[in-house]
């Protein structure tokens, strides 16, 4: 069996995350001999959204597609890039007029990779149904017209129930569903019954001594006082979290999924 | 160094969870040579709360203390047990008048173990501040008067941010903080800088082919239609999720924490 | 100018609401000489949803169309009626497959009345965008093909911000937008700049000595203990809340809106 | 019977609200012959919190006490005033360490007026129980030691259910409970059975052509795109909303409550 290896890396948080990526992602790609790499960048610009500069850094570190989430529109200067650059995506189930697109197709090493970004609704903003949105995408010519593509879904969601639900709903129809947004890696990576690789959350890429990548003191002040202090990125050595999955290149089905955790 | 081993098991969901517990917990206790075992039972009675029958089954399987969470009051018949039985606790930061107590002290193998149950507020019910509640408990004579007790905290919460925040807030003041409620085990078990063992979520003990232990079809119907169908437990082979931690018996500080996952 | 009078009555809560309706709605209709009457029935069956019996009682009292909201699917026995009876509607922006329909057209006194039911998303379930859903309806042949119909919108929503937003979005395109769901009548009835009558909430039709129509003691217990006690309807004399609006029959535009409050 | 008149004015939103206040509050005070005036200022500084400048403007217009809500800490420069100025209060049930105080006592026209600020939890931040907090205040010497004081409660809350619940809980123990925060005046002003005047929401003081006082286009963009655009105050002629209540000066019990709506 010919296999391809895909790698997905969780939410990059600020400079510590970007530096860890620059230092370690190139080696990780070599070690795993990865054919396609998706990195979630929604917190790369000091924790809130992206700028052209941080986006370029993520590409330079080796990402083929940069996924995102609810924070993606926070820096307005990034909207033109979101609109025009084919290597960055945002959750597909935001309203049609929102800047950006929900999936990206990449032809690489003789194979078509489609990275999709989709967002949950439980405990999050009010957007379109992720189940229906995925149905629509998968039936569209861009997906259905491909010959066994590798389809990778970054499901940006808070609720474990919603994440497991969408993964099981997509089981057998996509190669991989990986959750993002909670910033804590889960230990439930596995192959679902009909042949989709799954993990509830990739975890984040950011400062280790932190609360979800952000400054501990500020987070504690917010939690304890309920005053909306502006969150700041934590500093210091960072960890990289994500997964690598091997995919049967003829069918697009996964044969394995493995967690990645690198401490710098 | 003399060490003790404590074991914490995540939310037991319905009969599949109870059966897995009956079959495997006694062996697990032997294998790990566990001195103290806490099991979260909030979903043991068909997914919603506890009854005397299921509570007894959890004790029979080897639990010293049964912790719980937001579902604990759903079966009214269980309230007298909650009030009087020293082996079951509920989140300590519900209002003072609510049936039950927030911690349990156990003298066993020459050591005092205090299991505490506390609940988060982000995306959950409106209860008292878990940070303040923990401060109050730890300063009370029942805690402060003990000589280096082993203090285990079951933090029943949805938000990863709030869970990491409380754990870091308690770092060095308790032996172990283990999250529950999301039903998905996280891969971030570690010793925090000042000496507290931590995991964001223990994961659940229930049917593997499920969504957080519940029936897949019903969960999908709820998510897709937004109609509040009554959730049902899933059936079939169950997994047990939890952790084991070794504790220095003279100081009450952890020396290691290890994830437990048993598939039946 | 020839005018028509439409009347909208807010959420009927249990038997006290039904009895008040039976006793007073027929007279109200006469007093106001109302041509078309819509009544929200989502809480008519003991506070939760509808049954055929309570639905019939609302019709018997004089309703032409019965609107509803988030509670409408709670009695499964009512689903067939929801599907087939032309006089009951449910929020139009639930997923397409859900039982029921989102609007009802009535030909009466020489005029076409279209009652629409739509639901908000802030602090409520995750459904489709009410703005987009209204656009789609208003552009559909059933609406656009009519000659200056009287279009009445029951916007079932929690947030005042979302309610004002949808009303202003629809201003000039429908005859009337009346909020429901909070069960407290607002004092902001008015004609919007482009010609739509508006009120943020009609208020409820149920027991006066109550908390939003429900039993005071149970509501206080729930609020104070955060235990999910089953809510019960309050008993005793009930109030009717709603509005009457006069509409220019040639244009479908409102010329006045007036609050109705009847204490029994 | 000797009566006193108290006036409460709802959330002042930005410059339009401040200007309306400067122009009309002095006359209103004369017209009603008001003895004590409380104004909610949480949105006075361009919609978010207060500054010394806007606070002074509210005092200059005639306020004796300025109440607030969840936005009160947004301008950090205002914190010293919150701490030291006796004429400004913030919700009493935030954690003890938060800047500011939850009530203010004023001796005026031979009578003691105590204005209390308290905040709800449904659909809002996680703070202490408003029911318990009110109990604690009312039993404290500052309240219980006064001889039939006039006690006015500004209950800053989203949920109508929680607002009615607290009002009924306090019925007979305070002179007046007036809700704020939703910015839409309700039509349910009344005397509760045991003798407390009540209204679910005072409504706001700000630009009429607006969504809750804020710019219509921005609010519509936020609602439709779910992108967190920065909200801006609306401009143009403003309305003042609030209530006036007459209080029996010997007992502190209300004899009437009346809505105030002034369009400029």
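Think of it as A, B, C and D in the order they're written, each chain with its own count starting at 1.
We adopt the following convention: a residue touches a chain if its C-beta (ideal position, glycine included) is under 8 Å from a C-beta of that chain, and two chains touch if they have at least 3 such contacts.
Bear in mind that the values here come from a model prediction, so they are computed numbers and not experimental data.
Student: If I rank A-B and B-D by number of C-beta contact pairs, which comes first?
Tutor: A-B
Student: Does the chain C and chain D pair touch with the same residues on each side or with different residues, judged by whether over half of the numbers are shared?
Tutor: same
Student: In whole angstrom, what separates the CA-based centres of chain B and chain D?
Tutor: So the centroids are 42 Å from each other.
Student: Could you please state the distance in Å, as a whole number, between where the Cα atoms of chain A are centred and where those of chain B are centred?
Tutor: Here the centre of chain B sits 30 Å away from the centre of chain A.
Student: Residues of chain C that touch two or more other chains: which are they?
Tutor: Within chain C, the residues that touch at least two other chains are 95, 126, 129, 132, 224.
Student: Which residues of chain C touch chain D in their complex?
Tutor: Contact set of chain C toward chain D: 123, 129, 131-132, 158-166, 168-169, 182-188, 193, 200-201, 203, 209, 211-212, 216, 219-220, 223-224, 259, 261.
Student: Can you list the chain C residues touching chain B in their complex?
Tutor: 73-74, 94-95, 97-98, 125-127, 224-228
Student: Sort out for me which residues of chain B touch chain D in the complex.
Tutor: Residue positions touching the partner: 95, 121-122, 126-129, 132.
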